[in-house]
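In the two complexes that follow, chain A is the common piece, with chain B as its partner first and chain C second.
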Partner chain A sequence: MIGMALLSLSSFLALLQFILPSVKKVSGSAWGPKLIETLAAATAFMIGSAFFYLIYVFASSDLSFLNVALNSHSASELLYKISGVWGNHEGSMLLWLVLLTSISTVFGLQRRVPQNIRMRVLQVLGAISLSFHLFILLISNPFVQLHQTPKQGMGLNPLLEDPALTIHPPILYTGLALLSVLFALACVGLQRGQLDKAWAKLMRTWTLACWCFLTLGIALGSWWAYYELGWGGWWFWDPVENLSLLPWLVITALLHSLIVVQNSSSQKFTAPFLAITAFLLALLSLFLVRSGALSSVHAFAVDPLRGSFLALIAVCFTLYGLRSLFRFRTEKSFEQPYILSREAFLFLNTLLLFSIAAIVLIGTVYPLILQITTGRIISVGAPYFSTTTLPFFLMVTILMAASPFVSWQQARLSKSISYVGTFALAAFIATTYVKTGWPVIACLFLAASFSIFLATILDLARKLMARKQIALHYYAMSLAHLSIAIVIAGAVIDSFDKIESVYEIKQSGAIEFNGYHLTLDKVDQIRAPYFQREAAFITARKGEASIQLNPEKRYYPLHEMITSETDIKAVGLADIYAVLGTEDSHNGWLLKLHWHPAIRLLWIGAGLMVLAGFLGFVASLRGVKSE
Partner chain B sequence: MNRIVFLITFLIHGTCVANDEFTQLTKSIYCPSCQGQVLDESSSPVAIEMKNQIQQMLGSGKSVEEIRQHFTAVYGEKILLKPALGTYTYPLWLAPFLMLGTILFIMLNRMRFLKKRNSVKSTTEGHV
Partner chain C sequence: MKAKTQRLWILIVSLLCFVAAIGLILSAFQENITFFYTPSDLKLKDLPTTQRIRMGGVVVKESVQRKGVQLTFQVTDFKEQLGVIFEGIPPDLFREGQGVVAEGYLKEPGLFKATTLLAKHDENYMPPELAQIQVPKE
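Up next, the complex of A and B:
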């Protein structure tokens, strides 16, 4: 009852937030914008209270609620009882609304944004919040009560009982909420014809915040897949991974195209177009995943009504976005940029990132379309995506390495580009010579990674030597490029130099793996509250050093599900990765061992990327204050 | 078209794909009982059975393509990671070329190619 009352109240407030700005009496008055801001804050407060009530219900294992009975178990840890709130469809939708309304409130507090723009943006955000309020009230109610209270809950999907997955949804939904702000800002900017430098500056702040959260969300998801699934990979081009990548690619393109708007006031259509596309792609992903069109751990229970409602929301906002885009009028024609200028490079970068997003989208939805139109069922897996997108990614890396050496508006290339070019060629030849088994593109990528590193350091050094003041945002940009170089190096080395082997190991028997001498000390059977564990104790020795590995297998009788808990130990930048398999008929255990030579580079690089985004965000806030 | 796709695939995956027929097969076929997992990575009963079958078939001199066709016949096309090239997959494989063409077209149309000596005052340093 309490939950429903709070939800209905906040829906009403969201409705007011959406309608009132269109009422002349309100929008024309001096108190109007203030009222809308207050409404946004009140909606956030109401929906937040509903959310905390749901958390309370989960934490106290109140099994009279259907949602609790289906997704929680009274014996599980408090952390996973709470994360169970967003480990299901209804609760996660509520979480998304909480974050959307909170971020709307924060936006309303931004005094530097002109009052009328703030009000219009809050109106668009109100429309988004209202449509999801209705979605929750009508078909995704998390507060449904049962007539009979069951004795025990079904428990959370064991794969989701994990620290990384506890924070993964809140982070991704924050990214999605920030995407909504970008969408609203783009639509309002287009409608008012105000795509000026001040607009670009405001967009930049919010884009950087959004980029940080999306990057972190994707990195956490990837890290989870690496240690939890036990397949030894970190990117599988699985449909849901692909969909999460789409807004990230488009937002990255947006970040770069905003620099052009800020510096030369050209390419004004690109930025709002990208912001609108990114949000619509996120809505499309939500529809594809939650309607059950794509099966995954994110799909939860499938309900056709849900899909239709989400499709309706997506169509409405697509129409609204298109209407805003058609408002765009080209201003006086500006001079076309020279092909070797920084504008041209940034524009090409935008086109390339957008193309990658388009290809990934086509590859992800093509099987669905084909199945609907012809009934033919095919899969589009990793080989398609790597074959088609890697050449585009390579072009992006080349642009990154060359970008410090081109100038705005001018047709002047810095001489240093020839050094980097020569270095890149040398690095490529050296890599092909050292890594004879590698395919050409892997060598190209590694050479590109080294070149980006060199180019960025060279650029910073050149500026420091000339005793020029380097702005914080320039450091942020350099750090972002360096961290991408690190990620590329980690990804390439891991993809082509990893070692995977499956062994049969007996109690007190030994095996040799990549210079390590491994012995199985024992396998313990342990009963945990609501699952059974089989934990292996393995010692890996190499010279003096010895590493303990404890991979586990868990059996969840409630879900009739077996999961493997990998054990991963770091050795410098490398990982030794162990997965326990099944016990075979002659007392041996199957043991899968992986050696990931440079995987830590990938996680370090991803962490630095988020840090760089945060630095850029701080810099963009500072820039506003000083003006 | 076939040749172009083959050439690009070769450049990207190169020798890593071609090293042995068994891995080539197990890395290009999904495990039918597990969600999105490749045969090579899976240790489910079905996957183990299929891997044994592959070994037997390779032993009896069957070609990679024949074995792939055998499994496609049993489990359907969805078992292949990489969809075959046919009229029904042309849009899929043409998409990247189309994107590349569009990029070239836009760049050629929107950019200037001649250097202009008396260009506007430099703003590079201003940006830094």
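Up next, the complex of A and C:
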């Protein structure tokens, strides 16, 4: 009852937030904008209370609620009882709404944004929040109560009982909620014809915040897949992974195209177009994932009604976004970029990133379309995505390495580019010599990664030597490019140099793996309150060094489900990775071992990317004038 | 540079990018798509052993055998059966009497060499590929 009351009240407030700015009496008055801000805050408060009530219900294992009964177990840890709130469809939609309304409130508090713009943006955000309020109230209610209280809950899917997955959804949803702000800002900017430098600056602050959260969310998901699923990979081109990548690619392009708007007021159409596209892609993903059209861990219970409603929301906002885009008028004073100028490079970068997003989208939805139209079932996997996207990614990395050497509005390349070019060629030749088994594209990527590194460091050093004042945002940009170079190096080395073997090992048996001598000391049966564990104790020795590995198998009687807990130990930048298989009374245990020679570079790079985004965010808040 | 030439360049570069993307997508779709078959489909077809496909059905009860790191089992769609061999650790949710999707190639008629096994994510979830298989009621 309490939950429903709070939800209804907050829906009403969202409705007011959406409608009132269109009422002349309100929007024209002095108190109008203040009222809308207050409404946004009140909505956030109401929906936040509903959310905390749901958390309370989960934490106290109140099994009279259907949602608790289906997704929680009284014996599980408190952390996972709470994360169970968003480990299911209904709760996760409520979480998304909480974050959306909180972010709207924060936006309402931005005093430096002109009052009328703030009000219009809050109106668009109100429309988004209202549509999801209706969705939750009508067909996705988390507060459904049972007539009969069951004795015990069904528990959360054991795969989701994990610290990284506890924070992964809130972080990704924050990123998606920030996408809504970008969408609203773009639509309002287009409608008012105000795509000026002030708009670009405001947009940049919010885009950077959004970029940080999306990057962190995707990295956490990838890390979880790496250690939890036991396949030893970190990116699978799984449909849902792809869909989360799409808005990231588009707002990375947006971030760069905003620099152009800020510095030379050209390419004005690109930025709002990208912002609107990113949000619409997020809505499309939500529809595809939650309608059950895609197979994934993220696909919760399938319900066609939900799919139709989400499709309706997506269609409405697509129409609204298109209407805003058609309002765009080119201005007379359109400054033209030169070929080989920085504007031209940034334009090319936008084009390439957008093409990658389009390629990934097509590969992800093509099987669905084919199945609906012809009934044929196909799958599009890693080979498609690597052959199509890698050439484009490579061009992006080349642009990144060359970017410090171009200047604004001039077709002039700095001389140092020839050093970096020569170095890139040398690095490529050296890589093909050292890594004879590698395909050409891998050597190209590694050379590109080294070149980005050199180019960025060279540029920073040159600026420092000239005793120029370097702005914080410039450090942020350099760090972002460096971290991408690190990610590329880690990704390439891991893809082509990892070692993977399966062994059969008996108690106190020994095997040789990648120079390590491994012995299986024992396998213990341990009873935990919620599941049973079989933990292997393995010692890996190489010379003096010895590493303990304890991969586990867990059996959850409630779900009749077995999960593997991998054990991963770092050796420098490398990981030694062990997965325990099943036992056979005659032959012993199956044991899978991986050697990931430079995987830590990937996680370090991802962490530095988020840090770089944060630095850029701080710089844009400070309002440092860009160079 | 004149605005017109400039606009022309932008158009040319965008078109090139577009054509390259379409070309790559089409050629990748030619080579890198994996079709899904049931054991009955495979009975009727004569597929080259080089073609990577996905095959799925239900793991026949008491058919799973392990020899060293090699796993053999039978997959059925309740019309036809097909033997599968796989090296490695099967997914945690791989079980007899449950649905499985195997990716690999047909080694010889009646024997499928799987390089990857995909099972369900949780007990409530069935891969959509298997939705077409009618499980007879016991």
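The rule is simple: the second predicted complex is superposed on the first by the 618 of 627 C-alpha atoms of A that agree within 3 Å, B and C clash if a C-alpha of one lies under 4 Å from a C-alpha of the other, contacts with A are read in each partner's own complex, and residues count from 1 in each chain.
Here is the rule we use: a contact is a pair of C-beta atoms (placed from the backbone, for glycine too) under 8 Å apart; a residue touches a chain by one contact, two chains touch by 3 or more.
Since the model is a prediction, treat every value here as computed from it, not as a measurement.
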Superposed on chain A, are chain B and chain C clashing or fitting side by side?
-> clash
Looking at the overlay, does A:Val23 come into contact with chain B only (first), chain C only (second), both, or neither?
-> neither
Partner chain in contact with A:Ala570 - chain B first, chain C second, else both or neither = neither
Partner chain in contact with A:Ile362 - chain B first, chain C second, else both or neither | both
Between chain B (first) and chain C (second), which does A:Ile429 come into contact with in this model arrangement: first, second, both, or neither?
-> neither
Regarding the shared-chain residue A:Ser379, is it in contact with chain B (first), chain C (second), both, or neither?
-> both
Using the superposition on chain A described above, determine whether A:Leu319 touches chain B (first), chain C (second), both, or neither.
-> neither
Please indicate which partner A:Leu590 is in contact with in the superposed arrangement: first for chain B, second for chain C, both, or neither.
-> both
Using the superposition on chain A described above, determine whether A:Thr387 touches chain B (first), chain C (second), both, or neither.
-> both
For A:Leu348, decide between first (touching chain B), second (touching chain C), both and neither.
-> both
Comparison of chain B and chain C by chain A residues contacted | B
What part of chain A is shared between its chain B contacts and its chain C contacts?
-> 295-296, 336-339, 347-348, 351-352, 355, 358-359, 362-363, 366, 376-381, 383-384, 387-388, 391-392, 502, 581-582, 590, 592
Listed in rising order, the residues of chain A that touch chain B in the complex are 231-233, 236, 238, 263-264, 295-296, 335-339, 342, 344, 347-348, 351-352, 355, 358-359, 362-363, 366-367, 370, 374, 376-384, 386-392, 407-412, 437-442, 463, 468-471, 474, 496, 502, 581-582, 590, 592
Name, in rising order, each residue of chain C that touches chain A in their complex.
-> 1, 3, 6, 9-10, 13-14, 17-18, 20-21, 24-25, 27-29, 31-36, 54, 66, 68-69, 87-90, 92-93, 103, 121-125, 127-129, 132
Touching residues (chain side chain A, partner chain C) in the complex = 157, 159, 230, 295-297, 299, 301, 334, 336-339, 347-348, 351-352, 355, 358-359, 362-363, 366, 376-381, 383-384, 387-388, 391-392, 502-504, 553, 559-564, 579, 581-582, 584, 587, 590, 592
In their shared complex, at which residues does chain B touch chain A?
-> 5, 8-16, 28, 30, 35-38, 41, 43, 76-83, 88-89, 91-92, 95-96, 99-100, 102-103, 106-107, 110-116, 119-120, 122-125, 127-128
